[in-house]
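Beneath this line is the structure, given in structure tokens, with notes to follow.
Labels A, B, C and D are assigned to the chains in the order they are written; within every chain, residues are numbered from 1.
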Amino acid sequence: MRLLFIGDIIGRPGRDVVTSELPRLRDLLKTDFVIANAENAAGGFGLTRLVADELFSAGVDCITTGNHWADQREILSFIDDEDRILRPRNYPTGVPGKGAGLYETRSGQHVLVLNLMGRVFMDALDDPFAAAEAELGACPLGVAADAVVLDIHAEASSEKMAMAHFCDGRASLVVGTHTHIPTADAQILPGGTAYQSDAGGCCDYDSVIGMEKYEPVQRFIRKMHGGRFSPASGPATLCGVFVETNARGLAVRVEPVRVGGRLKQSIPEV
Amino acid sequence: MRLLFIGDIIGRPGRDVVTSELPRLRDLLKTDFVIANAENAAGGFGLTRLVADELFSAGVDCITTGNHWADQREILSFIDDEDRILRPRNYPTGVPGKGAGLYETRSGQHVLVLNLMGRVFMDALDDPFAAAEAELGACPLGVAADAVVLDIHAEASSEKMAMAHFCDGRASLVVGTHTHIPTADAQILPGGTAYQSDAGGCCDYDSVIGMEKYEPVQRFIRKMHGGRFSPASGPATLCGVFVETNARGLAVRVEPVRVGGRLKQSIPEV
Amino acid sequence: MRLLFIGDIIGRPGRDVVTSELPRLRDLLKTDFVIANAENAAGGFGLTRLVADELFSAGVDCITTGNHWADQREILSFIDDEDRILRPRNYPTGVPGKGAGLYETRSGQHVLVLNLMGRVFMDALDDPFAAAEAELGACPLGVAADAVVLDIHAEASSEKMAMAHFCDGRASLVVGTHTHIPTADAQILPGGTAYQSDAGGCCDYDSVIGMEKYEPVQRFIRKMHGGRFSPASGPATLCGVFVETNARGLAVRVEPVRVGGRLKQSIPEV
Amino acid sequence: MRLLFIGDIIGRPGRDVVTSELPRLRDLLKTDFVIANAENAAGGFGLTRLVADELFSAGVDCITTGNHWADQREILSFIDDEDRILRPRNYPTGVPGKGAGLYETRSGQHVLVLNLMGRVFMDALDDPFAAAEAELGACPLGVAADAVVLDIHAEASSEKMAMAHFCDGRASLVVGTHTHIPTADAQILPGGTAYQSDAGGCCDYDSVIGMEKYEPVQRFIRKMHGGRFSPASGPATLCGVFVETNARGLAVRVEPVRVGGRLKQSIPEV
């Protein structure tokens, strides 16, 4: 199977690069399934119905999120009726939405997508390792799922790598999100799980993690809030990770994807 | 000028890849000056005299550090006599060592190296932005220094990018360290400063940020300390950033360097 | 019922004031049950078999702990065989020890003791609110337990107060530990649960939270580790909270206890 | 000299108890100078001109603040013209306002008030210990000031106690604010400085640190924002610390003050 995971889409510039580039990428990469983290897709904070539909129309099959998932309160009204949108699974019981979904591709294969949030330097949620254990046990790779993708939305590189090793051999891809910066450490771990510490953001990189730079720089300098944060408006780079799996659902290839904007371009040849 | 910045060297495997690859890289890249972050060079924690000398012998011209700089107490006995080793400048007044140095290359050019530590999710030090302002003002690029390199040792991508924009046009290179993962966002900012969010670690990447994976994974799972951390012992990847500057000290080229080990190789052609 | 809860006992000075004063206090206060937090009882860090026995001999009926519970690895060898020692319940499944116990007093009444750890500014454990819900539901006050005492070992006053309100009417006493400073906010909440934000430490208060002051002050000033922390050796104050409950297990009286050392003395009259 | 320090005044209920009780307390305690922390005085967040004037009219001589000082942007327009309002001194250079003031009492004595913010579990500001050193050196107790009061607005009890010892003998009173809970550890340190870890909030204590309890409890349970925080509206307790100094400005007496509301009352006899 060929999978594309797209990192945090940030505001209008992020959506623009996804909607303009994804159709072509789906063809070029012959993808079976496309996942995108859209926690920042609506104005930089959260996700709305309209924005989600824009991404689905562009070819996203499943949306993951993170700490900003509910920044737009509107999502609470539709997330329970929308199977294709996940929020981190390790929120308390009773919170709207769900953290894992088993999806069928056009060719009839099954992809388990699991969305977890790390706890180092993040808000305190329930144990993401125990949650991973539960979900991977309930839907084993190569048995109930043809592919398993885990979006570990986390700050610390240590927690992301630990999660990847914890799942090694049980997931097709463990990929980090949240820092909005792509890492250059794509690799296949010894057990066959592909890994990249962060998929990177879909945003203008002449910015502070996708936001217009003036206000964040001022906050660092003055330690006071001035105005609001808004997405930087220059041309964005679509950042993501491309994975090919074998019959057992393990990775045989992993490569970064970077298209558009200021960063060095990277398009896998398929 | 051609500059090579090497990220956190972690223990024996990190030193091995540096000592074996750096001499060749210096030739290939025709470097005028080589800087390496060595806060984890001695067994994964801190720096000793012996280890520092090993790195200088291999071709490192200047060593920067970070939050682990004093993990080996031995450094306190020699850092004030060793001009080539820096610790983050924003430690309190009176702490041994210094955070900036102006060095002369073989060809007689001057490189200012500035070592700062971020404060987001890190120990509380003095303001790194104010410290940058002071040092850049005291030794202006193109006037007192032919090149200026700033190692911002920090956790949060936001703080690193903010620092880069704050220094844009006043430094040749602003590069992050500390996460031990190379980022894929090398770029030249509008003002002419080269930037990469993290240079990456020099370590075995079948690990948790360079450490043998068993113990860190266990700590995440059990929330208890078991044994000690020690550097993962497989083949390491040398990770760094290569920059070329113009007559005014601004960057005309920036490229990642990755040599050896598991990560995708990257050697700039010069 | 009359209950005495004693806050974090810190090293030899803390144990000394407890062993010398507790027998008298038990008589004076006519206590039915005495609980003490002993996470710092062994040299300031953790708990050993010998130290636990010293406290049990002095009249402690049940020991609670906190983030330092396993600082002395020895505890892992005996905690599963010692019913009277609790560690925070919200550690991951599989960790040795337990977080709640139902104890019988000499007069045949039953006391549920629940030990939880907060997550604000603390290590990330599982949800203490969900854990409280589970335990209070499994052993309801006035039904399965004549009294319920909850030690919420936490940093933030907000989390402690929130926990108290969450349990109001379902516990006899919710008391904080961990800051090593007694608070002056003892009160009975509207639902009948007694509350004090922190019981305070049993330690020498000419110190930094019970530790010899020189080294901690130096660390704040220099941001470097010097020597080790050791308990301040002057006369300690025993700090705790005294509660009387009615037939339904709710509090009819709550008062601070402070005996010995530098702090203003407070001994409830019974 | 007789000094009264009043802890964080939280919204209308906090202001009400101060305006109704302070005039009487000033008489009873024969105070020479009254300081109050008012960072939460305007609706629970920040300070306005109107609110500050209400407090000055009630008998407050000097206002200190903390991390919430600029929550109401209005303060930026008047803080530079209002000598009696301080913000934490260790904000970056260039931020409006100041962190220390030397005030003259009716009887012609001089009181140095110093407002600092801790850094443990707080936003990263500049070193409060270095700032204390600078201010205490510039205006020595017993020489340039008849009394010195330091409000250390901080979360961690360790940092507050370390600051107190650091200033011991150089200040009349070091008192903590920010947790909104009064501590019961008032004492005179060996060098003659009075100390209490937290003055406590002026608020309704049937609350979560002064706020209506429903919303904060929900946030702990659900890890999502629901509505806004607003001050709990029941009768508030005025919390503070009373100090008497000798001719050298050192403390000869320190006692907690608690008037009104749910907490145990404490009014020093003078």
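Note that a residue touches a chain if its C-beta (ideal position, glycine included) is under 8 Å from a C-beta of that chain, and two chains touch if they have at least 3 such contacts.
Protein identities per chain, from UniProt: A, B, C, D = Metallophosphoesterase.
Given the structure is predicted, the values throughout are model-derived calculations rather than measurements.
The minimum number of touch steps separating subunit B (Metallophosphoesterase) from subunit C (Metallophosphoesterase) is 1. When the CA atoms of subunit C (Metallophosphoesterase) are superposed on those of subunit D (Metallophosphoesterase), the rotation angle is 180 degrees to the nearest 5. Averaging C-alpha coordinates per chain places the centre of subunit A (Metallophosphoesterase) 29 Å away from that of subunit B (Metallophosphoesterase). If each chain is reduced to the centroid of its CA atoms, subunit B (Metallophosphoesterase) and subunit D (Metallophosphoesterase) end up 43 Å from each other.
Each of the following residues of subunit C (Metallophosphoesterase) touches two or more other chains: 92, 124-125, 129, 221.
With chains as nodes and touching pairs as edges, the resulting graph is complete, every pair of chains being joined.
Across the complex, subunit C (Metallophosphoesterase) meets subunit D (Metallophosphoesterase) through its residues 121, 129, 155-159, 161-163, 165-166, 179-187, 189-190, 197-198, 200, 205-209, 213, 216-217, 220-221, 256, 258, 262-264, 266.
Of all the residues in subunit A (Metallophosphoesterase), the ones that touch subunit C (Metallophosphoesterase) in their complex are 92-93, 119-120, 124-127, 129-130.
Against subunit C (Metallophosphoesterase), in their complex, subunit B (Metallophosphoesterase) makes its touches with residues 70, 91-92, 94-95, 123-125, 221-225.
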